[in-house]
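Single-structure report; data block below.
Every chain is named by a letter (A, B, C, D and E) in the order it is written, and numbering of its residues begins at 1.
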Amino acid sequence: MKKEILKLRDFKVYFPVKAGVFNRTVGHVMAVDGVDLDIYRGEVLGLAGESGCGKTTLGKAILRLVEPTNGKVTYVSKENDETELTSLEKKDMDPFRKKLQIVFQDPHSSLNPSFTIFGSLQDPLKKFGVNSKEERRKIIGDLLEAVNMRREYMDRYPHEFSGGQRQRIGIVRALCLDPELIVCDEAVSALDVSIQAQVLQLLMQLKKDNNLTYLFITHDLSVTEYLCDRIAVMYLGRIVELCDSEDLYKNTLHPYSEALISAIPVADLDKKTKRIVLEGDVPSPVNPPKGCPFHPRCPKAKDICKTEVPTLKKYSTNGNEHYASCHLIDLPEISK
Amino acid sequence: MTTYIAQRLFIFFPMLFVISFLVYSGLELSPGDAVSHMISPELASTITAEQLDAMREAYGLNQSFITRYWIWLTSMVQGDMGYSMAGGVAISTIMAKTVPATLELSLVALFFSTILGCSLGVISALKRGSGTDNSLTVAGMAGVSIPEFFFGLVAILLFAIELKWLPVGGRLMPHYETVWDRIPNIVLPSLVLALMMTAGAMRYARSSMLDVLAREFITTARSKGMPEWRVNILHGFRVALTPVVVLIGFRLPLLIGGSTIIEQVYQWPGIGSMFIRSVRGSDYPLVMTISLMYVFVVLTASLVIDVLTALIDPRVRLGKN
Amino acid sequence: MAQTSLDKKFDQIRKREEEKTFSVKKRSRIVSKFLNNRLAVVGLIIFTIIILASLFAPLLSPYDPMRVDLRSMRQAPSFDHWFGTDSTGRDVFTRVLFGGRVSIFIGLGSAILSAVVGIAVGCYAGYKGGWIDVIALRVSEIFMSFPQIILVLLLVSITGQSLFNLMAIFILTGWGGMYRLARARMLSLREEEYVQALRSFGLSTFTICYKHMLPNALSPIMVNITLSTAMFILTEAGLSFLGLGVPLNIPTWGNILNVAQDILVLQNYWWMWGPVGIVISVFVLCVNFIGDGLRDSTDPSQQG
Amino acid sequence: AQPTNSNQLSDPRVRQALCMAIDMKTIGETLFEDQIIMADSLLPNGPMKSPNLPDYSYNPEKARQLLAEANWDSNRELDMVFYYGDQLTADFMAAIQAYFADVGVKMTYRLLQGDVGAQLNSVPDDGVNGPAAVDYDLGYGARAAIAMQEYYNTFKTGLNPQTPGDPKMDALIENINSSADPEVLKPAFFEIQEYQMEQVNICPLYYQKLFIYESNKVDRNGGSYGNAQYNYNWGITDWNVSGGTLQTNTGPVEFFEQPWYNLGLWIHNKVVFDRLLVADGALQPVGCSACESYELSSDGLSLSFKLKDGLTFHDGNDVTVEDVAWSIRTAMKAPQMHALIGNTVGSIKGADAFKDGSTNDVSGIKYNIEDRVISLELTKIDPNILTTFTQFAILPKHLLGDVDPLKFQQSDFWQMPIGSGAFKITEVKMNDFAKFEPFDGYHGGKAGFDIIAYPSYDGDGNLIKNAAAGKMDYGFTKNVADVAALDGMDNMGTKAVDIPYTRMMWIMQYPKP
Amino acid sequence: MTDKNNIALSVKNLKTFFYTNNRCNKAVNGVSFDVEKGKTLCIVGESGCGKSVTAATIMQLLPTLSRIEEGEIIFRKDDKTVNIEKLEKNGKEMRNIRGSDIAMIFQDPMTALNPVYTVGFQISENLKYHTSLNRKEIREKSISLLNDMGIPLPEKRVDEYPHSYSGGMRQRAMIAMAMACNPKILIADEPTTALDVTIQAQIFELMEKLKEENDTAIILITHDMGVVAELADNVAVMYMGNIVEAGTADDVLRRPTHPYTKALLESVPVLGRGKNQDINPIKGSTPDPYNRPIGCQFAPRCNWQTESCDVMPEIIQINKTHEIRCHKYEQFFEKYNEKRDS
């Protein structure tokens, strides 16, 4: 039985673009532009898309590291209590911060170079009531061991660690307050391929051990496919396709997803497919194209695509729910 | 670009206003007033209180602070800088005499220090780690470490008094007709000033050049088979120039301020020595005008720098900001 | 190809590497880089010597810096008076030592205090942004709209001369640069992911910015403190030249060097200005070397 | 003796002790290189000097003893101020500090900056009980005078910033101003000197000499040496200057100072303007300059001048008695005015009414343009009236007549003034130099050289720098450090002139504010 | 088939060491390979294994504190051979080769273009130095190059500055610059790592087109096995300064014979294999370059490590095209094939 942990409704994050003599806001970067998304407890939800499509912003805005412009984020607790996070005062967020955590991309900037690992990690614990130093050391030590590192490493400085180790420490930090949902923002993208696999396995292990839910942000669809239960594909701040990870590859509905999949080089000579080469670049999120945001690059675009904005509709493939927003899908829409 | 300039101008004037008010209030707090200062200490006891009061009235010093500030401000806005209190000379006259002197000195020094600084800096960067680099660094560092008045005085002792190659100071002499006549007078002060500035320009040019030389496009240029000079100058220095120009721009006000002491050492009749005199004499109108002029120059210089940077660097010129 | 000196060095290193005889020192990269910078080390040594000499001045010299002995004025250096005596017969060596105390105190003290002010404001404003930042930025702009010496002169004329006033003025004119530096560092650190992580725990602004971010902003500030120290010492000397520095009854390097204004002294009594001039210059030079060394060793983009 | 108020410095014993603590003799021989004269009172040495002055020469034992008697608080730190920025003064202060320390008196010193006048000379509202209007304890300064009375007049009740009013002093001051006859005044001066030195309300330190330096290009042809800060007959038109250019100091900085304030300080005061009378090197009036003749009535209350014929200003306009009369009238109102002139013009009949604006004319000034005669009537005796007219510059009414006397100095005229003296100004680069050329129309003959004046003055380092570089031929300085430097140069020589110029230490006797 | 005449460049036992911080880093430690005309050689390996240094060595673009220690770089041009390592670093001969015979493009097109010159200027520089075209012809050629690269409105774009180009366009401009003088060899150092996959696809399309049209040999440096599979004719797998396995794409991808290659292939998920694919991470991490293992560099992370691995294995030629550096390859090969067969 699938239960939501987080519900996003009409979620928008705009960044003002300032210009002119008085530094007035002349427009907005529509980084996230109307996202409806349910994240289910215990799943791994992949969020894929090209650079700049708003993945990171979405992830951060859920944690309110960036203030969302519009929309609601509702947290559903294990006991099914719903709390709307977006309307909370900053200080009332604290109990929920424990439940939502984030792992970042860059193993170099994700640790404070001036502090030992323990020094970096102890403050959050302190804040959330772990008052004795012994206890804090124990928690951190246990977690380090959980990510296959030595307990003693907590007294070392970040520069003594390799990229993969740092990333594990980043995971320890996310885990230290026993969260329910972790946003992994390109958590493995900066790692060498040989290390990447270690971290991926670690993440899966931890998920099992701790009943975690992941929002797994990446631009690498092969990783998403391997790791995730469901995948959401974003383009210019919107979700264009959302479905079970197997279905995305096997029953691709959106032309963008199709192109994306075909563009990914596969290390398997037997699986060589013809690339679909998209014309041009991703348009600017300040002035997204009218109609379907993807239409200028879409090889299949029709006239309707230039004028009408498609909405995310529900279809069914392989017996699973499959959402996509495209005018050109000839499957029957399933009403809610 | 234009909006950017407009934006800067939009801050510019309120800034001038606030600064003028602060300076005016500050001067108000300092002891005494212009009138009591006009009286030389040795004769002061011979002036009666009535005479002082009459003078205060004549200069409008008996009005309230705000009124005086307002009068000063309005006439300033109308382009009337008012009169120096000490001698009653129109401030515009004083400025007309002193500003060119300082500009002359500063610009010559700026010119030399920039040329020298940039070229030595570039050489130093290209020969990084070599003996040349090290000795240039040490020499440059020494240049900024000697108190400038001390340097100036020793230079006078050496070149003007012992060797008698150059005049001890001053800017003009009655028989000076051509520009050539004036060169001996400017040599020492501008050189001393320039040498002190060179070090800064040099270090900056060096590190900027090193920065640029480590950038990938330098490798690109090499990979195209360009000769070294072209790589270093056309690709390297051209890009390194942007921050150096910024530096020079920031130096200009520094230089104008920094020439104060050198002006004093070399009896150079510039704005710096005038400023010291007016500060010592609590000559409010003059202090106000000169300090605002300094502020104006600094603010304008940074504006000009931004424009210049934009001209040199197309990223800024065409980019939004 | 000809064997260049670089090649020889390479061969040496390679030999060491292959024989595994290189010394692996367990020192932080910054420290070892600094120690590799010969100028900076020499600077640090002389700097320390001068500071210690000033601190222990009473032990090093039997004279009182204020003790006037008119009958033995303007004596050339001798065994009794290493740097000779000045126009009132005071021992120049002693005065240089005692003057160092005040000058260094002013220079270093003002630099550190202005850094403290600049950091306190800059860290918060840089991290938090908002109106505090706008105000602080404008105020610092006001201070930075003046050429430094001009502002100092203006303020000296307003507040009058005293050691305390001078330091206050130096702090007032110096905090702006530090503030901007701290702010700029904070602006870039703010985007670092570890800061975001701390924010995601909802830690207080103070903890994040003063405890976690500040240590990472310190190295450019340290560099700036050394450079400001050098600048303040020179400014103090320049002000005494203009007669606007520390009151004359307190010996400072600037006040002592000021005798060089008198051409007679400049021409005939070199010991009255030469040693102190050299000591100021060398001290400032050393401070600059240290600053440069710190800059190079903390700059991650430079290697060598 | 007892302190008269809460300030211990009001105790005469303390003041005596301070005076005796300083070894001026040693200081004179060392710091001042024997170029000063020990002072025993305010008044310079001369016929007016009393023979019975108390001896305050160096005596540390006595000083300690007096301080002990007066219960001197050895924790008190005296604050000494001074306004000379030269190194010698700073050294002198350091020496005094050391001597004071020797007798157990702490003292610090500071150079006054900014508005010196206000910080030094503000007079308390209550001229008897204070408190003081300024915050120092001791002050180092000088009094120069051309008239002997000037030394004492400021000790009148309510006029002195340091000394509380004293009826006896007031009476003594009255006495020294009561006559123009030196013989009559002599006992009065003796008395006031002795009284003041008993009270030690100032501590005289030394008499300043003036030093005139000349380069070997200058031949003065026997011209006399005198106090170059005033005007006297120095016969400049007869000098020979090889090369034809005389370089000197005291040139203008931003403007030419009007000549009624620092009477002869600036070079232009001496050479550009003419006076009615002329003084000798000792500043005694010795005869006519611009006047053909003059007559002082025997009661000293009326004075008349007849101008020479054919005098012109440098611009060609005639010098008339109207210019003289206008100059005197303007001097009544102009604020920056030397006391000597102020006293004289203030004694003219109708001056008060003219000053307060109730009349437009001064009844005591009568003149006739055709006859070139002007006569002045005084309300009271001015002992120095003739001296005044040896110093009082005649200014051109046709150029300055419209200027508000209160803003006299503000006029554009002072950028390049015009007078009727021996030299006219031909080129001015403010702050660089001013050039003077001989004036054809001068009644005393035409000089054979130009003058170039640089803006340097005694006590600034530029004087010596310029001299060393051959940029100075003639000028004066009061700084003994300069003398040593100048004498050390091959091409320069100096001559010391005794001048009435007393350096002293003021002692604040009012209670602290 | 490797035919002597078809080889554009051969590198033999190349060693390039770095001498920074008073330490010696054997960044490239005995690398040999041949580049064939009109073929793509992919050099693949993890970060820091020496790919870029190899490329820089071929171009003689090494920084000051580094040196070619040993080995040969033989460039064949119209029957003549040039030993590049013998040429003076920035001498005339080397410069004549750079940009005209061997051209290079870099990973980050943002930083590889000089921001203060127009794209046209930067392309024309190349033509100016290596051809005898006059100004007008140079400009026409620049425009036509941009046009070939698929940049819209080349007449206008040629006068624009790099910052007004998007990332993909910049990389095209870089390629235009590199291709300006029809080089025999194009070295592409991770040309698409900084770009999005959709843009990467565009660039690959372009590179394949150019290769076919001009018969250019391409050395493509990458760390992505997927890219290898897409583009490579020949592959060299590098690890810590050595080539551990080399051969045709078929050899290496279908029959990986070195434990490292195999592990690398198994450690990344492959798109389309779904959730149930096996991925096996390689244990440990790449060693510190200053503290390298003594013998086989991969030994400490290798499941097949034995004592013999303390000696650096020699290159073993398995067949004409396929060679590896491993002591245990026979056992490994057997086991692997067993698994395959079963």
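To be clear about the criterion, contacts are C-beta pairs under 8 Å (C-beta built on N, C-alpha and C of every residue); 3 or more make two chains touch, one makes a residue touch a chain.
Computed from a prediction, not measured in an experiment: that's the story for all the values here.
The fewest steps needed to get from chain B to chain D, moving only between touching chains, is 1. Ranking C-D and A-C by contacting C-beta pairs places C-D first.
Among the remaining chains, the Cα-based centre furthest from that of chain E is the centre of D.
Computed from the mean C-alpha positions, the centre of chain B lies at a distance of 54 Å from the centre of chain E. Mean C-alpha positions place chain D and chain E at a centre distance of 92 Å. Chain B and chain C have Cα centroids separated by 23 Å. In this assembly, the C-alpha centroid of chain A lies 33 Å from the C-alpha centroid of chain E. Residue positions of chain C touching 2 or more other chains, listed in rising order: 156-157, 160, 261, 263, 304.
Interface of chain D with chain C (complex): residues 23, 26-27, 30-31, 85-88, 90-91, 93-95, 97-99, 101, 108-111, 113-114, 461, 464-465, 468, 481, 484-485, 488.
Taken together, the chain E residues at the contact with chain C in this complex read 17, 19-24, 64, 67, 69, 86. Across the complex, chain C meets chain D through its residues 66-68, 70-71, 73, 86-90, 156-157, 160-161, 243-244, 247-249, 258-259, 261-265, 268. Residues 60, 63, 65, 90-91, 93-94, 97, 100-102, 104-106, 109-115, 120, 123-124, 127-128, 170, 173-174, 177 of chain A touch chain C in their complex. Those residues of chain B that touch chain E in the complex are listed here as 215-217, 219-228, 230, 235, 238-239, 242, 312-315, 318-319.
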